[in-house]
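Two complexes are shown next, each including chain A; its partner changes from chain B in the first to chain C in the second.
Let's look at the complex of A and B:
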């Protein structure tokens, strides 16, 4: 052995130590080029943005002060309560259905055929935005909260069961194996080996989805799915921007409140 | 060549708890990890299986409770060949075989008590397990075991992920014994532990094996520990048994045959 540190080191050491990743470089370059191309094609120009800012300023000016008349508030209150009901019911039903569907879709627990069937179902449920699904349900079951609830149940299953399946696929197989080795049946293994590992994250997903359903429940109303969406949309169309502001402020308040509640709930199930 | 422990072989000697007969495992066809292993295990004490990594020790032990399915051969346990059993028959066999793991394999988010009572899951209806309505005497026994593995009742409600490695392995042992097993398998139970804790854990296994007369089969890397606590040593290399006998019969020459070379000794 000679004293030299690396007798057979390659001539270009830096390149040997950190070899260039050409596919990655190519991907970034392609993305940049496409973005530039898309901007040039889509007729986006600075002048229109400036003009838009001016319009926005006028809109905001007309919003103040928020409308706090008693009859308007009563209307908003009813709509808001309906929205919250839609969100909570849709989350409850959707999350309850997501658990078995998510388990069925987890490839480490479920037989291959069942897993692919469940994944197919999830993919279909995820294909459309809640508003589009809501339009379908309004046509099917008529105007009102039922359509809104069904639409959000669909999107809840799509989101929660997909992520829940991923959570289940990430569990420690060793812990499950140990429970299996005691002679426990499948249900027992799920209960003592699988659920303890995934429940905290499942609750996290459910709470996040409640939050997201609260926001979405204000939207399904626009297409007739019940809740605050309809009064909000009407206020826009009638240029009652002060009422719009009141509704927006209340929605913001409720979402913030939800944020606090959800972090508490997550702590409890840690 | 093979130093057989005569007592094991003689008919009418200590009853055989487990008999492996030409047990073979091939993960890939034509490449056996276990090459027709034939071994008897009687009802007494600790048997240590030693051998280099990748020699099939773990596979051997996992074939016994069928976490790994053997390719051919038979496994006689409590009067039946369990090499091919499935479903509820397999679960009934597993209930009678406790297992201790290298990385403890406790369910991290369950408490110590819940982990120990996991050993009773094979006997408890699902709804009772869900509501944690285990039988009074099972809970009493869990507390007893907690005591006898050296942890004590105040550990009962701690979560498993708050324990040290040695404490976890003690819970792992309590869980295995909670099954009231006819046999305990221990797959490298000390390999993730420091030397002092390793000795304590082996001591505990040997102690429980003697006091409750449960035979323990342990895979172990540490030859010194194996010699100190095992009544019998099985040396494996390349999927074959090359030594089977008392610890004091294990010579430097045997060890070279098992592990290859001599420089490390």
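Let's look at the complex of A and C:
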């Protein structure tokens, strides 16, 4: 349907309702060509997928029913508790450190030099995946939960202080000036001018990060950082797929529970 | 003295709010104390941590340049895994996002199914998805692409579903009134309104996926992680250093590229 079909409209004056956008079409074509090229480079072929489907059927057959033997469950419970503890401690330490670092990185409160230094630190902490950080900490402090906690502290600071700095930069200056006008010192300005404006968002970030740390704490065990990751990895290597399924179901269950809890907490601090 | 009852005292929170907040603080404190007390930290390992760290960095430098051809090959593979995985994830997540959007799907059952798929996809980490797909398709990039794709469905679907719910009803009603077909309403009614959100979600996820696909090789799912795993197993820290420097450079470049594309098209 084009606009030229409309009565009383001279066809040469009417623009098409939806003119073609050639650069965009070209970009879509390029993306498609890239996808085909990448598929051919990675030799993803049909035969392999079919063979995979066959494997998948066998794998799922071995997964069911999930393994609920008492000794396995005890092992999984210990691993899961350790993962939860790693997540809690990493969130606590990381969030506690993120508060000063985030304030230092907020350009409306801190001096320019300090703000850039804090931003640089945050950028470095953010650049590596938690698993890679965990590998380095395993080398530095040995196998175990401490390496996992430290790795997640790094990623917590990277995420929470970056977003906290952005939240602080968005606050209204009026309240800060009002508190300052009463002759309050810097600590009081923070306490009564800044924190009331940002506390709800900060708690939201902390709760979100607890969620995310819980997900990641199931993974640092694969490289020796403690938690449920180690039993999970072992179960895969021994082809105990029924144990794998039990662990996966428990992880999904706990994370869903965590999402409910965190949305409750966010409501309370609304 | 006035006799008109108690003076009103301004309180920021209602009693219920205060109780709720105190409860959260108390539970948080208990959780931290419980975790700190039961977790076992071996102090002997801590004493030599500074030496170990210094040793680590000494062994990393100078980088083993001879390893570079292999690093470059796996780096290209990482790029393909992240990009293909993102494309695949978007293709699977878009229909689900429409199912999850309240203004598009009225059937609550369908909406919950879509939400459930999103939550499952996000709950399981990409490395754990990778373990599963390595078991199915064998070691290699196929497992990597699929784990990136499956892990990203939840993220892309949830955010794009929310963008769809924010779409204005006006243009859609106008198109419906002209008698436009369902696909035409999708392409000319919903798509123009959600396109900026779509590109920002896709870029954000691609950026995340570049980082994530760098570690998939640790469990055999292809990419630069394969090189990292080999170097770590051999304790060739000079190769590890080279790989970490490469990943750092790639992350910085991706960040620059995505932010420049974002400022140009959004």
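Keep in mind that, in the parts below, the second predicted complex is superposed on the first by the 212 of 270 C-alpha atoms of A that agree within 3 Å, B and C clash if a C-alpha of one lies under 4 Å from a C-alpha of the other, contacts with A are read in each partner's own complex, and residues count from 1 in each chain.
One rule holds for everything that comes next: contacts are C-beta pairs under 8 Å (C-beta built on N, C-alpha and C of every residue); 3 or more make two chains touch, one makes a residue touch a chain.
As the structure is a computational prediction, the values presented were derived from the model and not from experiment.
Enquirer: Once the structures are superposed on A, label A:120 by its partner contacts, choosing first (chain B), second (chain C), both or neither.
Expert: It touches nothing on chain B or chain C.
Enquirer: Please indicate which partner A:111 is in contact with in the superposed arrangement: first for chain B, second for chain C, both, or neither.
Expert: After superposition on chain A, A:111 lies in contact with neither partner.
Enquirer: Contact-wise, after the overlay, does A:193 reach chain B, chain C, both or neither (first, second, both, neither)?
Expert: So A:193 only meets chain B here.
Enquirer: Which partner chains sit in contact with A:100 here, chain B, chain C, both or neither? Use first/second/both/neither.
Expert: The answer is neither, since A:100 touches no partner chain.
Enquirer: With the two structures laid over each other on chain A, which partner does A:269 touch: chain B (first), chain C (second), both, or neither?
Expert: Second partner only.
Enquirer: What is the contact status of A:183 with respect to chain B (first) and chain C (second): first, second, both, or neither?
Expert: first
Enquirer: Residues of chain A that sit at the chain B interface in one complex and at the chain C interface in the other, please.
Expert: 196
Enquirer: In their shared complex, at which residues does chain B touch chain A?
Expert: Touch residues, chain B against chain A: 65, 67, 88, 91-99, 101, 103, 105-110, 114, 118-122, 124, 126, 129-130, 172, 175, 179.
Enquirer: For chain A, which residues count as touching chain B in their complex?
Expert: So the residues of chain A in touch with chain B come to 172, 174-175, 177-185, 187-188, 191-193, 196-197, 199-200.
Enquirer: Looking at the complex, which residues from chain A come into contact with chain C?
Expert: 18, 31, 34-35, 38-39, 41-44, 48-49, 52, 55-56, 59, 81-82, 84-86, 88-89, 92, 127-129, 131-132, 135-136, 139-142, 144-146, 149, 196, 215-216, 218-219, 222-223, 232-233, 236, 239, 241, 244, 248, 251-252, 255-256, 259, 265, 268-269
Enquirer: Write out the stretch or stretches of chain C touching chain A in their complex.
Expert: The contact residues of chain C facing chain A are 12, 17, 20-21, 24, 28, 31-32, 34-36, 38-42, 45-46, 49, 52-53, 56, 77, 80-81, 83-84, 87, 119-120, 122-125, 127-128, 131-132, 135-138, 140-142, 145, 188, 211-212, 214-215, 218-219, 222, 228, 232, 244, 247-248, 251-252.
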